[in-house]
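Each of the two complexes below includes chain A, the first together with chain B, the second together with chain C.
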Partner chain A sequence: MATRQMVSAKVSTLNPGTIKQHLSGGGVLVAIGPVCTRVSIEFPSIREEFLQLYHGYPFLKGPAITDYYLNVYARNFYRRYIRPQVAVNTLMNNDFVPLPESMGMVAVEMGMNWQVAFGWKSHILFHAGVVEKDGIGVIIPAVSGSGKSTLSAGLAYDGWRFLSDEFGMLEARTGELLPYPRPVSLKNESIAVLKEWVGSDIPFSREYTGTPKGTICYLRPPDASLKAMKEPVKPRLVIHPVFNPDARPEIRPLTKTMAFFRLVRSSANYGDIGAPAFHALSKIAEECISCEITYSSLEEAIQLVNEVVGRCRS
Partner chain B sequence: MTDHNLLLDILKNPTGMAELGTGQWNRLLLDAHLLKLRGRLAYEARASGLWQDLPEKVRQILTNAEVETTARQRKIRWEINRVRRALFGFSDKVILLKGGGYLAQNLDCARGRICADIDILVAKNNLDIVENHLLTAGYYSEVLNDYDQKYYRQWAHELPPLRHPDRMVEVDIHHNILQLTSRYSLDIDPMIRAAVKVEDNIYTLCPEDMLIHSFVHLFVDGSVKASLRNLLEQHDMIVEFSRDSTFWPRLMDRAEELKLTRPVFYGLRYCRYFLDSPVPDEVTARGTRAAPGAAILKIMDLMVRRSMVPYGDNRSKLTDYLATNGLYIRAHWLRMPFMMLVGHLTAKFFRRYGFGRS
Partner chain C sequence: MAECCFSSTRQGDGRILGATDEIADAANLVDRAVFRMVDTASFLWKHLDDAHIIYDTRSGHSQALNDFAYEIFDIIKESPGRLSDIMDDVERILEQPLTDDLKQQIRMTVVAFDKMGLIRPVKPE
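Let's look at the complex of A and B:
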């Protein structure tokens, strides 16, 4: 009940000129799912990229109780104008390597990830993608490199609602997943795959080459997913993807015990939350269908997901 | 003295949380975050019965803090248990200082408090034995740099921090509460003798020593910057300990015995100033005998008032900066003789800019 109240709060959004003005000054409030962040950016070039990537996200007009403060700035005159370098202040002991101005958006995204990953403890966090179709919530937990972002984005642009590619948020009390639809962070080979899949350049950022994680490109989720960013969903499936270019497609069901421990392993704050997290994950392991899928291409993965969903319906 | 700060107001009167607007909440939550006091706000919101009346979003943010402080405290309690196990067979006293001690004694000041690490105090002649016990149990030192190792062992009042690789909670082993080089030379033996048993070989300082240690930590050894949480723990101890009417004379006698009347004077002064701590007038009068000269006190007042709550509105950034750095320099000034300080800072400088060996 309380969650509903929180998510149905009225949103009045700002016009683009005002957003830019706030962004360069005291900060602009961007509300994504349950997270409200005040973002300020000192560099005009990064402001432009930020506004392009976050086009269609709600920028709040009125005052709102704020979760996080993110300031993107230059340490001094030299780092602002002569050899520009971007520093990020999350107010949360971040210790990021400063990046060149051209990678400013990467710094912004890293900062926002950091704040949620280390600060958000009111909900159980999974390092997982989350999508939904016909009321069926799917958690896609995975280690980096398994293709969870690629798969979540691929599903998002194939008729599914996108809730997250990085942070699954579970409300322990209601057992519901909250959307936190940030832009999808695509890396290296998956960029071309998704560009072909989506068939349009519009929702993509430019490509950031030479970052600590290789080439990164951000993909804005579909507008319909952004519009539904306050609507939680019950999880029904947990699908652990394993990308292997040489393997045959396969679905392996997990035992309830295995399903439970896999969820524990993918949760960032399970240990901090303690007993409520234990009960919530036990419930998911008990009630959801859990499996591991091996795939060698995005099409294959999506086919496998649809097959599992079919089992869920029958 | 008329500095105004919403966080201070709410800490003194938590029921004020019932009437805050959005802007005030943001101010309060931000200050509390920067000063590591959100866990305390969460505790106060529950204890005052206001929790259900707070805005949903505030409850969610305070829940973050509540989960974090509870988890941290659980980790600290577990680490104390592990230290106790590592020191099985060591029969002398192992005294928990600061946060670990507050938790072990279930003091009021531990409520909603975020504890980062464990500090233990042992007699100096037991240092090697205790260190070896912990090393045998799998703890290791992260300080590999020769200069730092030597500095710690020769001059500091603690060994280089240890950690266990499975848990990563820092354990600091002290043999004194002040540096050997400090202007205040402290005989630690009376504190060790008066320690209070918790369980087996685990002890804490007795109440008056606990409070004196907190004062010393804040006003001699530490940085005053953003230390409101330390002042708050002192306030809590004052309220809790002074329910025993013998506490005040014991505290003041002890301060004289240990020659620590100056930090106690400062501590009582600023607890009263910021938090209206219930310090009886005769105690204040007795403490004032240890006051510095009027000019020094004036400067100290200015600096502490600027640094303790450093994030207020309508304040000059320059004076805040000068005050904070003035106190930092003062802490170093008290910590070691001048020529040694020069040598220390030179070594640090060369290492920082890459000329040092390792």
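Let's look at the complex of A and C:
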């Protein structure tokens, strides 16, 4: 993997004019952390939204090792122009439910997520946000609805470096977390919370209503986080957030055993990677501070995270 | 020793052999069978603060054993034996007679080990 990163770093990036041209044709190579995906989109409106959301990401001129392929297309002529509907081809699974053109970016993001979730075996994957400050890497694993994305994004726009929202990637050999800073998928109530928190509409996509998960809006990570997407960090904290609008703020330490099994539960490929994953996760459980925080607002959650970080420093 | 697993074995023709017998015998089998460790080379261990984590490389599953379970596991690893032998060993370690509650816990632990695939019951000759 280290060799691959070095190869990618040497490849020059495309200028904005040619990105659009490649995106509508044979595809453009978008490199995010260790993952390189060739993306092509038939629909002009979705291309525009993709380029707006992925502004600041490196688009490679090539040659580069391509991990994934994602083509957004119409299954036939009528679905291209009459009640247009987008389909996603990943060369891995073509059974995705077609979506209306208005939800094209949702199809793109879900297709990219699916590929990594089911196909990435080079690193240990956590369903977790990852952020870093002053060399302290924080893993934020969580189930849906716990506020993981809101907290990761809130920290990213509060001076933390954003490494990932959906997939934390751990290099088993080195024990380092690799950045995979894809746009953050915000849902429903969290959209307004983050818009107020960030204070600008610029890094947000438009809102996609009526999706299976309600309203979705994507948030581009801060530029500084994108520029540092090749810099790994050692994990020092594991924080499991629990959002409860009626709860009082609380930090509950986890035993090392509980911390271990929570990490196993949040990993998408622990069983596939096997013994190296066992060693890596037990090392994190042994060496990192692990706790669960309960919070009722983003401000409260960030305050609790900073409190835990303070304990980590001391 | 003729081997006998709790789990049913499926023949090439799809017929499940011995299922009825095993269900009927299952309760007694725990008391009669000799338990022995499966290949210990397939286990990886990590001792954390309050438990012993065991990773089974054959299945990819991780389990947590508390000190009590770990001690029973160790007894079976040292020498295969019946449930009664294991209880005798625990009694020797504790240097006092086992209560019914403790005997029941040992029995449940052994059954749990078997379900996890960590040990294997075999029928004595």
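What to note about this one:
Just so we're on the same page, the second predicted complex is superposed on the first by the 304 of 314 C-alpha atoms of A that agree within 3 Å, B and C clash if a C-alpha of one lies under 4 Å from a C-alpha of the other, contacts with A are read in each partner's own complex, and residues count from 1 in each chain.
Operating definition for what follows: a contact is a pair of C-beta atoms (placed from the backbone, for glycine too) under 8 Å apart; a residue touches a chain by one contact, two chains touch by 3 or more.
These figures come from a predicted structure and were not determined experimentally.
In the superposition on chain A, A:Leu91 contacts chain B only, with no contact to chain C. By the touch criterion defined above, A:Pro34 reaches chain B but does not reach chain C.
In the superposition on chain A, contact of A:Asn269 is made with chain B only, not with chain C. Residue contacts after overlaying the shared chain place A:Trp120 against chain B, while chain C stays out of touching range. Judged by the touch definition given at the top, the superposed model places A:Pro63 against chain B, while chain C stays out of reach. Contacts of A:Lys187 after superposition on the shared chain: neither chain B nor chain C is touched.
Residues 271-272, 274 of chain A lie in contact with chain B in one complex and with chain C in the other. Considering their complex, residues 255-257, 260-261, 264, 270-272, 274-275, 278-279, 282, 285-286 of chain A touch chain C. Remark: chain C residues 44, 46, 48-51, 53, 55, 57, 60-62, 64 touch chain A in the complex.
Chain contact summary for the complex, chain B toward chain A: residues 22-23, 25-26, 29-30, 33-34, 55-61, 63-64, 67-68, 70-71, 74. Interface residues of chain A, counted against chain B in their complex, comprise 2, 5-6, 34, 36, 63-67, 69, 91, 119-122, 269, 271-274.
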